[in-house]
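Below is one structure, written out as structure tokens; comments come after it.
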Amino acid sequence: MKKLLVLLLTLVMAGMLLTACGRDDAEDVAVNELTVWSWDPAFNMFAMEVAAEIFERSNPGFVLNNVEMPWETIDMQLTTIGISGEHHLLPDIMLIQDQAIEISVLTFPQLFADITNSGINFNEFASGKTDFSVVNGRNFAVPFDNGVTITAFRTDILAQAGLTIGDFTNVTWNQFIDLGRQVLDTTGMPLLSTYGVGASFMDVMVKSAGTSLFDANGQPNFVNNPAFREAVDRFIEMVDAGVMLLPGDWSDYIGTLAAHDVAGTLAGCWILGTIQEVGPAGVWAVTNIPRLNIPGGTNYSSWGGSSWVITSNANFDLAVAFMNYTFAGSTELYDRILPAAGALSTWGPAAASTVYLEPQPFFGGQTVFADIIRFSQNIPDFMGGIHHYTAMDQIDIALGNIINLGMSIEDALREAEAAVRFEMGL
Amino acid sequence: MEQKKGFKLGLNQKQGLIGWAFLSVAAALIIVMNFYPMFRGFLFSLQTGVGANMEYAGLFNYRRLLEDPQFRQTVSNTFFYLAVQVPVMIVLGLILASMLNSKNLKFKGFFRTTIFLPCTVGLVAYSLVFRQMFAVSGIVNTIAMNIGIMDTPFNWFGTAWSARLIIILGLLWRWTGFNMIFYLAGLQNIDQSIYEAARIDGANVLQQFRRITIPVLRPIILLTAIMSTNGTLQLFDESVNLTGGGPGITSRSMSHHIFNAAFQGIPQIGYASAMSFVILLFVGTLAFIQIKIGDKR
Amino acid sequence: MYVFLSIAAALSLFPLIWAVISATNANTDILRGTMLPGTHLIQNFNRLTELTDLGRAFWNSARNATMATFISIVICSLAGYGFEIYHSKAKDRLMSVLLLSMMIPFAAVMIPLFQLTANLSLLNTTLGFMLPTLSTAFLIMLFRQNTRTFPQEMIEAARIDGLNEISIFLRMYVPTMKSTYAAAITITFMGTWNVFLWPRIIMISPESITMPILISNLMAGYVADFGVIMLAVTIATLPTIVLFSFLQRYFAEGMTGTIK
């Protein structure tokens, strides 16, 4: 009997001992160190590295603990940490998808630091970008990458249909679809593709007219929403006409570009990296997006993009100083990450730099980056909403019902709106 | 402490105690690591609210469940997977096992290993591989077009039925070999001479299968049926990583839905917990029914 | 019969072979649906080691899975033995209750479990990683059922010889049940090597990265390189295949006693 107890105890002890070796000490807080969570080593993590290097020059001994964490995990950690109250696990700074900032701040206000009066000049950023991170008049994030939408086409394909990129500039969706039919008829190629069933695409169209999927009271507004209705009609028309390909998920979408199944694409400007990877060089050109044929319709919108938030667990003064010196104060930073990582900023002063004005051989000598910055200044203001993701889910379902099951647009939208209301009814 | 007298040696108090000591660590761990969180989860399911501000709401979440069309959709998806995948897998597993059990089969080891191999692949990894294979410009479409089955690439993840089909194919690929091993193990205990005798009596292969193989394997089939039912009702990774639950939520599983409710957008921990207890109820009921049916025959 | 088996074997192998082939191809070729081996293996490997801490992830996975497997085999085989050899009505009832723990989805217990692990200050630790998997009803059941094939007479004889209970377990039971242990090791190792969701929430620091986390990190970038990802998938799958190849001789046999 004793021996048994001894054995069990030994086992437990051995387990403890073994694990003690594998234990990471999370509490070794160096005074001059910042821990950052973000998710792409070739993009935002790289930008962080460069920023740290620049900051270190004026702040010797500064250490960056650059942690790789997919956005889905960061999102999950926010909930886990928020509900369990283990705030000490938060890093100093983390990257967050623009669409999620308002939701997270309102759901877990204790997780984030209010940086409205921190000395960071938010007026220098494009207002279409800071809209995402202002909650109840308070600033909660420093903008990072630009999500301005662009249309990119292979001019060699367009030429086969007797068209140029200029024909696609400042057009309405109706004109765009007609041009698409022309390209499809002559080359057999759809104009563009997108991922998922199209909810994100729809969101971009609605935002371009400065409208929202929600009314002023925050209620879903699908059925009696002229901008949204116009967007859905044009989208379905494109799909039915074969001008728009719907390949499924993200990698399928990239696959249609890589396999040259389409003449081009419409997306946030983050797509430039992929375009440059799949080529061919020299024939691509970039322009703005079509506009909705309604009052207030513009050719500009935004898609995706992310921002840096400072957490409530941060070394606040150091984190603010770091941000102010780099992402909100260094043209050198943006000059370096633009060519190396394709990271376009929304910070006004960066756009004045010569790097942005250089013609890009890959895009046939077009000054792509300067053009995109110009687009970004024209994005209309819009209202976010904390039920964004719920709305996206339901719109995907509605579009799927219309496209795959032949449901009428009215019925599908009515169902979707009711479902969002149900989801909100907590 | 209750005592037993079933043993020939005559159990004394001391031995009963030793038995408890043997199983104490394991039982304690399960109680602390499973039942305690389950209990906490149950408390969550009686609360509602945004973020960390939760308050008691009685059965609000459970009532809400009854009228949630999305939850109904994911329940019917999951039961569809269950109804198709589990029987197909069991039958396939049985056929493969009885083939591998035949006496004069060559390359037995090779076949057994290759067919089992899929279940050594991690869930994240295999979902990824399948997703790439069924991409529009992926290998499956390429092959199908090369041999002339299709003219244009098919968008496998674009329609509800093909997306569900891929989930079922994925499940069959990964788990059939695993179940087959169980049947094979069971079959190896059957004396080959029984089959000889049956053959002499004029029983064909199908009759042998029905009269000898199935009855002998019944307890093992029951076990695998319960395990697969349990696994399929909790289906998560395939739904998340393979189809993303799409298009829309037409291929989303119950567990995936729970996960999204808890972690995506506005966290609804209370509601997510309530849905989990419904799964527990389903699994428990089905296991009970299966045991009843399995015992009767 | 050979045709059927060959088709089954081919279908089973195809995705794996395709993953290996993809690991030798460039990203754009994979997206275009190539099915021939390419020449990009070295480039993909260099890119993989450049992008990720492959060595550390592999080592962490190996260490975590080995330790978790070892400890859980010890705990659960003791329990299975305890439930069967000293079997009583109360113990049977406890076993049925424990089986309930298999029936609840992980998403449901994740947050309470996280809270518990945090309260025990075990976040970012291997022990925290292992605790929820150390004792599973499935493994206990496997050992319990297989113990029925273990001859009672051996125990009685040993008791008469004056061996104490724990020595009987160690010297007689463990060696006899070799194949059950092999099956249990294979299943547990496969499970702990591939576990993803739990470590993803509790192993926050980059030093504790594991292979499944590494793969999901690769997927998270805006431009995913499938050549590199398929190489990572191939590397991550190797250890479980090797382990199974070594233990497969005992595997089927080890499962046998599961229900009798």
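Here the chain labels run A, B and C in written order, and each chain numbers its own residues starting at 1.
Criterion: contacts are C-beta pairs under 8 Å (C-beta built on N, C-alpha and C of every residue); 3 or more make two chains touch, one makes a residue touch a chain.
The shown structure was predicted, so the numbers you read here are calculated from the model rather than taken from an experiment.
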Requested in this report: Quick one: name the chains whose C-beta contact count is the highest of any pair.
Outcome: B-C
Report task. Specify the chain most distant from chain C by Cα centroid. Result -> A
Report summary line: Distance in whole angstrom between the CA centres of chain A and chain B is 36
Query raised in the report: Which integer distance in Å separates the CA centroid of chain B from that of chain C?
Result: 16
Query raised in the report: Can you list the chain B residues in contact with two or more other chains?
Result: 18, 21-22, 25, 132, 135, 137-138, 262, 269
Query raised in the report: Taking each residue of chain A in turn, which ones touch at least two of the other chains?
Result: 4, 11, 76, 79-80, 83, 251, 255, 258-259
Report summary line: Residues of chain C that touch at least two other chains are 31-33, 75, 110-111, 115, 165, 216, 219, 226
Report summary line: chain B residues touching chain C in their complex are 1-4, 6, 8-9, 11, 15-16, 18-23, 25-27, 29-30, 32-38, 40-41, 44, 95-96, 99-100, 102, 105, 110-126, 128-130, 132-133, 135, 137-139, 141-143, 173, 177, 181-182, 184-186, 188-189, 219-220, 222-223, 227, 230, 234, 236-237, 254-255, 258-259, 262, 269, 272-273, 275-277, 279-280, 283-284, 287
Query raised in the report: Quick one: in the complex, what on chain C touches chain A?
Result: 27-28, 31-33, 51, 63-64, 67, 71, 74-75, 110-111, 114-115, 118, 123-127, 130, 164-166, 200-201, 204-208, 216-217, 219-224, 226
Query raised in the report: Mind pulling up the chain C residues that touch chain B in the complex?
Result: 1, 4-5, 8-9, 11-13, 15-16, 18-19, 22, 30-33, 35, 75-76, 78-79, 81-83, 85-91, 94, 98, 100-113, 115-116, 131-132, 134-138, 140, 152, 156, 159, 165, 169, 190, 193-194, 196, 211-212, 215-216, 219, 226, 229-230, 233, 236-237, 240-241, 243-245, 248, 251-256, 258-260
Report summary line: chain B partner, complex, touching residues on chain A are 1, 4-5, 8, 11-12, 75-76, 79-80, 82-83, 85, 103, 106-108, 110, 196-197, 246-249, 251-252, 255-256, 258-259, 261, 386-390, 393, 396-401, 404, 419, 422-423, 425-426
Query - Residues of chain A defined as touching chain C within the complex - result: 3-4, 7, 11, 15-16, 18-19, 22-24, 26, 39-43, 67-73, 76-77, 79-80, 83-84, 86, 89, 250-251, 254-255, 258-259, 270, 273-274, 277-278
